Structures are given as C-alpha cells and as structure tokens.
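Worksheet: one structure, shown below.
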C-alpha cells in the first residue's frame, strides 16, 4: 500500500478493492434528495465502507423504512437487493430477513422519525435480540419528508424553521441503546466522512446489531440558526469519545498505549480507537451512558465509537441455527415424512 | 393523629381519612386473579395510598391495557371511572384523557408485556411528554394472561416454568425511563406493601409522569426456583437505593441529615427519603442509571425512589393550557363565531 | 373544448410543467387567483411528486364560464419549464394549441410540432439581466412567465400587481423584485408575441365566493365545532389539516398566554387515535387527521371505540394506495376499509365531502354525530379536495348553533336515576347514556373492549353479549337518518342513474351535461354519508341501471351500495378512474358512452 | 334427542360444570378420550373463561353413533361441580335427565327439580378419607366423579385405567392416586346409583381416526410444509399453534444441537408479520399465528405484502369480537377484514379449514399458494377448531410431495434472461418472477410499497402504476382455481341450498338430515377458500334460495358471496349464530324452519 511509502500524507483513495471492484460498483441510483442533504454524505460513506471492506454487493441486503433517509438505500450498492418497507417497521423486516439467511450483510438505514417514534419499539427489540446488522439512523431532528416537524431526537429548546422551540425531552438513540443492552453504539456526523467511514466499517464487522447514529442535517428544514442539528451547531459542539486510528498511522506511536482500545471484531478484523477524554473506556456501559448524559447536559454532541462488546452472541448464535442459511436447507431435511407422521399419531389415539 | 401520642409504636391503620372515607371506599370489585398473585398486593397498596392521600375516588381515573395486571384497575376505587383499553395503548389513552381534563388523578396500571413490548414506544413518549400520572408497571417477567411466555423484562438466564432460560437482554423500565428523561422513577415490590405505599403516594403527588416498576410475582407461571422475578429471589436479592422516611418517624433523628433527601412534591406535600448506599443521590440522573446498571450486573434488584425531579413542567404546563379542564370550556369561548369567519374569509379572495 | 380557430372567452385550459422546489407553485397560483378575482370560474390542480426538490411537477388551470372546472384532459397552452419532461409535456397540447418555453436557448427540433405554435420568452436571459443572486434568478423566472401569460391571456395586470403587493406586504425588496419580474414577462409578451385565440374576460361569478383548500376548511370546521384536543402523526396529504388547525387555534384560542387547545404530535397513528379516544371519553371534542396508512394502523382502536362506544372524529385525506402507494396522488380507495374497519363485527359512520365548503360543514357534523352516536366518525376527503385551492361559496356560520354533545348525564340527572346503566336505557336511536369522569360520585363505570353486558359489567354470557352488539347494529342503522342526505340532480326522462361521491361531484355533473348532448340522459346522485339514507336505495331502484363513478380499482362504493341497499349488483355498473390524478368529466363521458353502446 | 324412557345407546350429551384452575379439564378429556377409544363417535367442547383461576368453566361431551357430534343444546346429564352456577346448570338438563353432584353436603331445595333425577356422590368426603394434601383432594375430586360417570355410562373402566397409566407413566405416586380416585367414584356409583337410560357401547367408528386439536394440526402442517422461520405474539386462542410448532421443531428439527428453525416471539403483531415478510422475501417459508386483534394490527403490512408481492402465511384462529371481545369464545367474524385488509385496493387469499384434518392440509396449501402467487395467504380457523380435541381421519403425507416455491429464478435462469424485470413477464396466472437476495449478481431489485412500474422502478405515472395494480387484480382472480374447491352434499330434488364454512360443517350437515325429516330438502355447500372458485357461484345460482350459515352478526360470508359472485343478495338468506359458543345443528334447523315458514 502507498501508505507505507509516504506515511505522513493521508492515504490516497484506493481505486480497486480485493474483489477488483471500484467504488463505482458500490454506487446506486441518482439521489433525488435535496442538494446538500446530509443523507447523501452518509450514502457516500456507505459506498466507501462497503468498497473498502470488499463486500460483494450482491451479498448485501439493504433495508429501510419510510422517509428521506429511508430513500437512501436506493442510492448505494445498486447490485444489492433493497427493501424499502413501511414506516417504522424496518427492524422487523431485517430481523426476519436475517433469520432466513445469516450469510448476507444487512445494512438498515432509517431516520430519527422512522426509528425513534413509530418504530421505537422495533428498534429496541432488535437491539435486545442483537440481530446482526448495521443499523444507521440518519438523524436530522426533523421529519424531512413530511416537511419539517420535530422528531423525537430534537433537543429541548432547539427551534423549528418558524422559530418555535421544541419542548419535549429528546431521545438519544445511543443512550436508549445502552439502556437496552446494545452491543455496539457509535455516533458519526455526515459532515465528516473521514471519521464516519471507519465507524461504518466497524459496524459492518460487528457480531450483532451495530447502532450508528449519524447526525445528518436537513438543509431544507433544520439547518438554520437555533437548530442543534445544523451543520454549524454540530461542528461547533462536537466532542469525541473515541477516535479511529487508521492502520499503520504513525500517530499511534505518539499515543500512550492505554489510550488505545483495540476491538477485535467478530469477522477477524481489528479496529483501533483512541480514547479522547482521559481514560474513556468504550467497554464500560455505565460509564459510556454517563459520559453521553453529561456531555449532552453540557450541550455537546458526542461522536465516535461510544461502546462496543464483541462478546455477546447474535440472534442466530442464541438460537442455535446451522451455519448455512435456513432458507437454503433442502426440503427433505425439513419434512419429517410419512413414517414419522404415522408414528407421531400413535400418540393421538 | 395518634402517632403523636405514641411515636415509638408503628401507627395503627387510620379508619377514616380527611374526607371521612374509610379504606373500604377505595376498594373495587372482587379480584378474579389467582390466589397469591402479586398484583393483588399492588391493588391493596393502591387502595391504601389513595385513602391516605384523601383523594376523592370520583376524582381518580384508572387506565390500563390488557393483561392480568391490567385487570387490576377493576379491583380498586370502584367509585372511579375505569378504562380497560387495548393491549399496549394505555399510555396514549392516558395522554388524551389527561389533555382533556388536567384536574383528575390518573392512575395507569400496566404489565411488563403491555408496557415493554407492544406498548414500549407509547410508554417512552408519554415519559417524554411528562404526562401527569402515576404509571405502575406490575412486573412479573412473564405474560401471565397468555400463560407464561417470557416478557421483555425477563433477565438473561432466568428460567421458564419448563426450565428454558431466557436468552435476550432485559428491559429495565427504570433504566429506560432515565435514558428518556423520566422525571420520577422508583421500584417497589408487591411483597413489601409497607415500602410500596409511600412510593405510590409520592408518585400520585408528582408533577409529571411517575414511573413505578413494581416487581409483582406471577405465582402461576413465574414464582419458581430459577426465576429472578419470584418472591424468594427478590427478597434475597433486593438492594435499596432510598428508603421512605415516614413523617414524625423518630428514626429520622438518628440519621445524618445529608442522608435524607426531602422531595417537595408539586402538590405541596413533602416526601423524605433516606439514601441507603452512602451518598446515593436521587437527583443525579446519570448516577442513578449507573447504580441501576451496576447492581443489576451484580444480580441485585434495586428498589426505592431511584430518581425524582419536580422541576420539569408537565404536558399542560408545556402547552400553556388554562387551569380549568379543556373539556369544561364553554362553547362560546371555543367558537370564534360568524363575524370572525367573515373577517377571516376576506383573506380568501 | 370548442374549435381553436374561433376565439374562446373564459373557456380554456393551461398546463404548467415545472421542477419542484423551484418556486413555481406561487407563480402558478398567482395566475389562478388573479382569474378568480376577475370573477371568472377557475380551478387549479397541483400535480406534484412525493419529493422535496428536483422532480417534475405540474399545475393545471382550467377556466370555464359555466363553472365546469373539473380537470381538463386537453390543453390549449402548455408552459414547458422542465427539460426532463419537455417531450411528454409538448405532446399533450391539443392540435392548434400553444407552447410557451424559455427561448434563452433554442428548442431542439425533435421537440417541435407542426400543429402547435411555440411561444418563446427568453426567461433566463431576462432575469439574468435584472437580478444578481442565482436564487432570485431561479425563483423570479416563474413570475416572469406568469407575466407573459398575464399578457397573453388578457388577465388584468393590475389585479396581479395587487396580489403581489399583498403577498409581499412589508417586504419591499421582494415585492419590487417580483413586480419587476412580472413586468419583464408582461412587456416581452406584449411586444413579441401574437394574441391568442383564447382569453379571460371579467365576469361576476366570484361574488360571494372564496378560494380555499379542503384541509384548511376541515381545520376551520374543527375549530368551529369546538374541538380542543387534537392528536396526529404527520402524513401527506393530511398534514396541512393539523398545520392549519394549529395556526387557527393560535389565532382564535390563545387569550393572554392561555391556550384553549392542546395538540399532540403523537409517536404514530395508533397513539394519535388512542389520544383522541382518551380525550373524547373524558368529555373533550377531539380529532385526528391522517391518510390511508394511518387508517390501517388505527384498525384495532377503531374497533375498540366502536364497541366501547366512545366518540372519535377521524379525518382521512385519501391518497393513492395500496401501501405507501403514491402519497401525492389522489384516490377514493379507503371506503371499504373505513366502513368495516377492525376485526369482528364492526360498522362505522362515514362522511364524504365533495369540496372545501362541505369539508367545513361535515367537520362540524362529524363531531355532532360522533357524540350523538358515541362512535367513531370518519370524514373521507382526498388529496384533490384537501390540497388544491377550490372556488366555493363563502362559508357561513349560525351563531345560534349549539353542539350536540349526545347523551351525557349531568350530576343532577345522575342523581335522579335509580341506577346508572352505561349500556342500557337506550333512546329511540339505540344510544345509551354516558357519564364523564370526575363529573361527580355515582356515575362511575368501567370502559372495556372485552365482552360486557348492558350494565357495562364483564360478561361471557352469549345472551348478554348479544344484547349489546345487537343494539350496536341497530344504532348504526339509525345513524343513516342523520348523515347528510344524498344530493340528486334530475333530468327529464332519465332512465339511467349516475352515482358518485366526494370529488367526483364536479366531473360527474359536467359529464351529465355532455352526455345529454350525446343523447344520453342521466340523473345524478352524490352520496354524502354512510350508512346510506333510504333515498340512496330509492334512487338506485328508480333507474334501470346506475353507473357508479369512483376513483378506485375495486369499485368500493359499488360494493358498499350492493351490501347495504340490497340492490342487485347487476343493476350497478362501474366507471373507475384510479391513476392518481383528479377525475375528469371526459373519463366519465367516454366510459358511460362506451358502456351504453352509443 | 329421543325420549328418556327407552334406552339410548351411544346417543347422549353430557355437560360438566366446573371452576377453572381446579384440574377438571384432564378428568373431562379423560372421559372423552375413553369413549373415543371404545370406537364411538364423540366430541368434547371446552367452554372456558378468559381467566387463569376461579371462574366458571364447562365441558360438553356429545356421543352420537351416527357421527353427529356438533354441540348439543339438550343435556341428558349435568355434572354440577360449581356452586356459583348450580342453578343455571341444573336448569339446563332436559326434562327426565340427571344431575350428578357432590353429596358431601345436602343440595339446597331451591335447586331441586321434580322432572330430574339427582345422583349424589360424596366426592369431597370420599377424597378427604383417602388423600392427605388439600391440593390432591381438590384435584382428585375430578377423577372421582369421572369414575362415577364411567360406571354410570358403561364406559370400559380398563380403557380408562390404561389411559391413566399412560398419562402418569413414570409417576407412580400420581398414577396410583388417580387410579384410586377413579376407583372411589366407580365403586360408589356401582353400589349406590341406579343404571341410566343412556350408555356407551363399543363400536368400530374410531378405526383410522385420531384425536387432535386444530392448533396442533396447523403446527404440524407448517412443520411438514417446511416452514423454518416463525414469528408471533402470544394471543388466545392461537398461542398453542406456536407452542406446538416449537415442540415439534424441537423434536424433528434439532439434529446434534443444531436447530433447523428459528422462532421469534415478537414485540407485537406488526413486528411478527414484518418478520414473516422479511424472511419470506429472503426465501424462507415463514408464518405467524394470531387472532382478530392481531389481524387488525397487521393491516398495514398485509397491504404492503400484497402490493410488493411477498409471500406470507398468517393463521387467524378467530375468537369473538369486536375488540378484545370474548377471547375464549369462538366466532367467524374476521372474514370481511381478512378478505380486503388494508387501505387502498387490496384483496387477499383466504383458506377456511373445517376441522383439524383440514388445518393440517390447508397449512401446507397456504405456503404453496403464498409462494405461487407471491402474496399473503390467511388460514382462518376458529377457537372451536383450534382448541378443542376433534376426532378426524388419521393425517396422511405423500413423501413424493415437493413444495411449490413459485417463480423464483435460479442464477442460471437469471443469466439466460436479457433483462430481469421483477414485475413483468407474467405467467398465465399473472405471476412475475422474483429473485432471492444473495442468489448471485444481476438479480437485484428494489422492493417498495410505493408506486412502481413493471420493472420495479419508482413511478408516479398513472399508466405504469395501473399496469401493475391491474395485474394484481387479475392475479387474485386466478388464485380462485387454486384454493380448495367447495364441498357439496346433494339431496335429490333439493331447491334450497345451505352454505357454510369452517366449523359450520358438522352442525350444518347434521341439520340437513334433521331438515329432511321435517320435509325440508336442502343441498349443502361448504366453501373452503377465497377468492371463490366458479363452483361456488354455480351452486348459488342452481338454488331458488340459499341459507348462508355463519358465526357472526353481520353476515360476512353472505357479504363476500354477494360481492364476489355477483349473485343477487335477495337470493341469499342468513342463519347467524354469534354468542360465542360453537354452532349447534339445532340452531340451524330452527332458523331455516322458521324462515321457510314450515
């Protein structure tokens, strides 16, 4: 890799991955979202993450609900099957799909309305079941597609385009996830692709459900002064829990080891993150929750890998299913046949 | 009160309250639940709490969903209107009812299935809106009425009657509530009425939504060895965050002041609680969450008042509604009338 | 449409093709509004995509002196502002018609049509000259073509100027920019373009009329009906019902900082209806507004409210289904679901307004019926009615109106009773008395969706259970005499009937006239409520055959008529239009002509 | 029921009145099972409350040599074990009948009836003597009265003893206690009680028959159909479908620690169906089981699966509605909702099994149809079929059976195609090909509930949208030839038809015979699937009048027949029974007799 040659200059984007595919091969249909919509940046980051992990597009299943955010599944990995379901139910579709075929890479893309209001309980229970999937919430604090109503992630006091402040306590999907036993929670910002991509890659390599909340501003309805989900606000109030350490990045050398958390992912890859606040520990659930809470009370937005635990089995491991997809099991293996039926019925007399 | 006469002997139950009513007046229909069901003890505690607070029964509105727990609204305050809705939707009915008439005392009784599975998002959003009501979850870790399936509150490893262990991460309504900005969270145990009643009273006096999780064993399907929701398990693993301090109870004298938290409730009453672990602070949201998390990881059940904040306005305060019930506003005050209609329509030309 | 050669006064149709999110909407409605102010019957239909920015959107204006303003399918002039759709758009103009386009760039030859006149206006160039900011140039291009149309169609430019002044009152800069853009287009057209064979001339037809969309009118009706609690979950095309209700409440219900209303944006539609039911049970007038997907989600609670006998008002602004379907297209395809929503034996009360004026009236009626009959009442409008501006008679209000709160016992009445039975002592319409929580001691009862007897007590006894559900069936039947009666338009000697509902009204009435010209004489009946009043059955029986005109695939109104009037399906034929655009008289005429084999 | 004086062999009915949660269920089914083993046609109906402990519960046993085992409404003997309901229970025994009661305490005089013989057995005393623990005394009282009945009815005591041995195999103590209790009752009755005018005598009628409940049979069908994914939310009376499916999978699908199935207890019914849809899309056979309230909640996703054309199997074990209704009572009242579930134009495929044997067969059929037609298929059973034990022919399986997975393209077929169009290239039944995620490159398509064209691309164009929904309508019609055909029983010269479905089968067929005795000759048709095959319409047209027998208030089957066959409603009359208890032939006979004015 060129990186070895000139370690101090940021890596030039790789043109072809291990499958010989180019980033183009991971793109999808033309976006019909507004120019500048944060969601399109998330799409770009997903394209890069899938590309860099050399995942065959047809081995990806894209799932979403309804919303501008949910439309983004159409804009990447055009060679992958996509499933644009109904509002809020994506986690249930993903759970069923995953149950049928554990071999695919599931990428769920949702919005703060889709996941925190109508679909809240489904997200919560998908987390409990640790369904193996990357679950991205494109969080803009509003219902974009229905023209800008507050979503449940809007902060108290954050103002609408008309200037009315939101009055109700916000739902932070990460705090929520931690309280429900989530095994991977992280937050990215669509305005910072460089730091988002590694989080998405870590999520794609996670053993169970990787919940990634991406602050993704709605330029149409929630990017104004007074909004806490605007590009400007996030840039100015972002604090980092952990920062990704690129492989072979010389900066590692300058970092005290205890500052670096290496997370050996379920798929064998290893991700290294550097704790930004002194001694931040992404394996301490209660600590992570406390940090999120405190920073939020201070009006800040925590980004980075907030918590990860590769030690928890996913839905399939908990269910003892075979390594091959249930959908691929031959009928003869599933149907006990006539003799067994006769035997069984001896007990019905 | 006799208590002044003989302070050192526990108070004899008062026969009549300030309204001249007896506990009988707060009872309801005969319970049709199983003999020994924890829910019936909660009913008894509710009877006592309402009685001791001298709330006129007809000023109480009882709401529930579907389940054995949800049936209990029929067994207390027979003179109060009751609303046995559909499975999981009670919080929405309560929100609407409360919106229409802010003067009543709303008592919602639900189950762990009703509130943590099908109704999870409704509970979550009622908490966000801080709807003024007492919200009791009679938590037995199972679906009693449908004969004993695990509910979402079942702990990992807790076994069913048949002996199968639960595999999925439990939802602790209190942890969940704290992550959603709940303004009052507490846990009681139906096996300990003495300590449950004061919590219910505090909840009834709270400014917003008071979430009280009551561990209420299902003797029919979840009171066996191996269950973490059995009478025995809770007795043996209960740890207390705070303990209620009865008014004029001499023990106060022996307690270092900093151990006592006095919570001046919205209705003017004052509740005092004593921190049990050194320096436990029920006004520290993140600390409360951490404590719940750590104790649970240690296999313990935290009871007592876990967190309270009387400083947060309820749905009506946030909505700027009048002090009188919206349902009581006279029509002439609501209908702008013919002239205004004509004026308005000048703009429609 | 008369022949192109002779001049058409106040009888033509325009189609304006734009890209959404570029500000064309205001320019287009500006034209429509100006024509309205000139006293000429006009309609404007916004055919927009389910997207915020960048996709094709159309606006159709039909001007017709006789008031036939249903959607025209032939266009005298097309304004082609969207390169993506040039070809398709230009192909839609009638032979002999006109195309107005931005001649800053030459139009490619493939697009030209010999039988059509192309009117070039260098919109981009004109605006580039006068305006600095790119955004302004983009937005004002629209006002610029509006100016050209004002000149070409003989629209009174002073009326348009006045409208701009009103719109931008207090925003001098914006006002001037818009006035300038208008002038640019107006002057250019006056100088360079030929007069058109169709134009607008002032009339008196707008006397006592207003311009209003159905969702605003519905919100206004809810305000006047005294609704104090509203709960909703955003969904196109119903969202503006709540937006308008909130705005109206702010204006009329906020006195010295106190708000005489409470609107909850719920977490989903199940919650929204739950809140409405809770509030109604507690004595408030409460409602929700949604569209098809929301109705599907409300199914369980609709059955609950029906069985527990709790009032609820639900506005369903129908869109194209099934499922998410086409959220910005119209249809009348929720009829069957709404009529029998929920498992078990359930029947609901439905109202079918035809235009914004009826949206206002029926919203008020809905609350009266819901409380009178203690049951959910659904007001079924559609995207065409709800989101387009309509010319309708000024709304009127009778200050002596008092809401019908139904059988709610006062503390006194309660005392007078030997015993209060929630589900007994029915009146002539099989309605039983209820009490409100907190109203006083002695009135408590227990609401349940589980089996209950006439006292409200839990029961599993067949006879006691049946006693209650049998009364519910009778109560539903009784409501037939209280929903708005059908409106019938008769023609001498008609043996054929045409039945429609809701937004089918204008196109069907226009079609009746056109059919008569073809020698097909029909009577028209528009049903306005369910359960059907006796007059509906009578009309069906009076005619040899009836054509049921509706905007869905499965003939849902015809199905309801067959089931509920007992009239043999054989006598009911269908005229179905369900592509998602508002119905046109032409579609009705063509179908009936074909089926009657003329 | 013939006169009490002469002896009735294998023709009588018992009603056992108990308190639920006291262990009576096992004693009652013990009796029923014993009679079955004696080769005598028998039915047992459990009429239980929606409660876990302490409320009244009944069990009815009907013995009929001719196989008429629908619910009898006249009882030859009542076992009165529930003090709360003594009066009502005793009043139900036919004149000349018998009452067996616990004579440990004298029966109060008000309860005695002159025309009825009271048989006292000191059950409490007998058990108190022999058993220590209170719980044993309570439970074994039931076995004790069973023993008495065995003696009184001439049931083969060895058969009963054998049954107890099997039940308590390996639990010697329990076994002995039960055998003792049985003997106590048996001996007491033999010594002290008179012989009864009705009794059981061995027959051969149970040859090749089994005893099974519908939910077990349904679960077995899903197992044999190859379902690997199941998602559900507990609800009476469907819960035991999943309980049984789980048990069966454990037994037949777990090889060396590996489970060839995955069952998810979902957070609610919306989630359950979502999971089924996700799994089916991904190529697994998946299903859910629920009851009315669940169907209401599934409405939105049912419409989605219909429009996106995704297979799904939904079992609806119907209970009494509306709303929560009576969860432990039966009804057939979800027909209309299931047929047209969801907003917009939607139509679904329904199957109506009549007994557990058909539950097994139709469960398999459901998966084939769901995958063949790429649409949701609902199997509508009810509480009577699902939760009661039925005597049915042994279930059979053809090992050569291969599931119809429908049009799923293999990687090869995909390659062969010039271009893959998800919603084009329809076959003779208007079904289009699909691909499975992960199957290989080139097969990707985008599932959406929003407007799409035949390529699966998003569209808002009327013609492209209509092209797809029109095909959906034709596809639904095509399914009519694939659902199970109606079963018709003809009688010479019948001008009257009787139509029924599901659990109406036995009572209606018995009624046909009883009507003939009264000179009313009827043909019987049982519909077994929706959309209706042509034979259904033919039957309706062949008869001057048809009586549609169904267990709901609103004549929902009659409604479907009217809407879908075009037969005039005038020719269809209704026989409705909806109190929540299983239908009895008597109800049918009385109603038809009255309506035919004989």
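Order of writing sets the chain letters: A, B, C and D. Residues in each chain are counted from 1.
In this text, a residue touches a chain if its C-beta (ideal position, glycine included) is under 8 Å from a C-beta of that chain, and two chains touch if they have at least 3 such contacts.
Please read these numbers as outputs of a predicted model, since none were measured by experiment.
For subunit B, the chain with the farthest CA centroid is C. Of the two chain pairs examined here, B-D and A-D, it is A-D that is joined by more C-beta pairs in contact. One simple way to say how far apart two chains are is to compare their mean CA positions; for subunit A and subunit C this gives 40 Å.
Distance between chain centres (mean CA atoms), subunit A to subunit D: 44 Å. Separating the centre of subunit A from that of subunit B, both taken as means of CA atoms, is a distance of 35 Å. Listed for subunit B are residues 86, 117-118, 120-121, 124-125, 129, 152, each touching two or more other chains. Residue positions 50, 267-268, 293, 300, 304, 323-324, 448-450 of subunit C each touch two or more of the other chains. Put simply, subunit B touches subunit A in their complex at residues 117-121, 124-125, 127-130, 152, 167-172, 175-176, 178-181, 285-287, 289-290, 293-294, 318.
Within the complex formed with subunit C, the residues of subunit D that make contact are 49-50, 292-293, 295-297, 299-300, 303-304, 306-308, 320-329, 331, 333-334, 336-337, 340-347, 448-451, 460, 462-463, 465-466, 469-470, 473, 552-554, 556, 559, 562-563, 566, 568-570, 578-581. Contacts from subunit B toward subunit D in the complex involve residues 32-35, 66, 68, 86-88, 117-118, 120, 143-147, 149-150, 152, 220. By the touch rule above, subunit C contacts subunit B in their complex via residues 36-37, 206, 210-212, 220, 223-226, 228-229, 231, 252-254, 257-264, 266-268, 270-284, 286, 300-301, 304, 394-399, 401-403, 435-450, 458.
For subunit B in complex with subunit C, the touching residues are 56-59, 61, 63, 73-74, 78-86, 89, 91-101, 103-104, 121-122, 124-125, 129, 315-316, 319-322, 325-329, 331, 333-338, 340-342, 344-345, 348-349.
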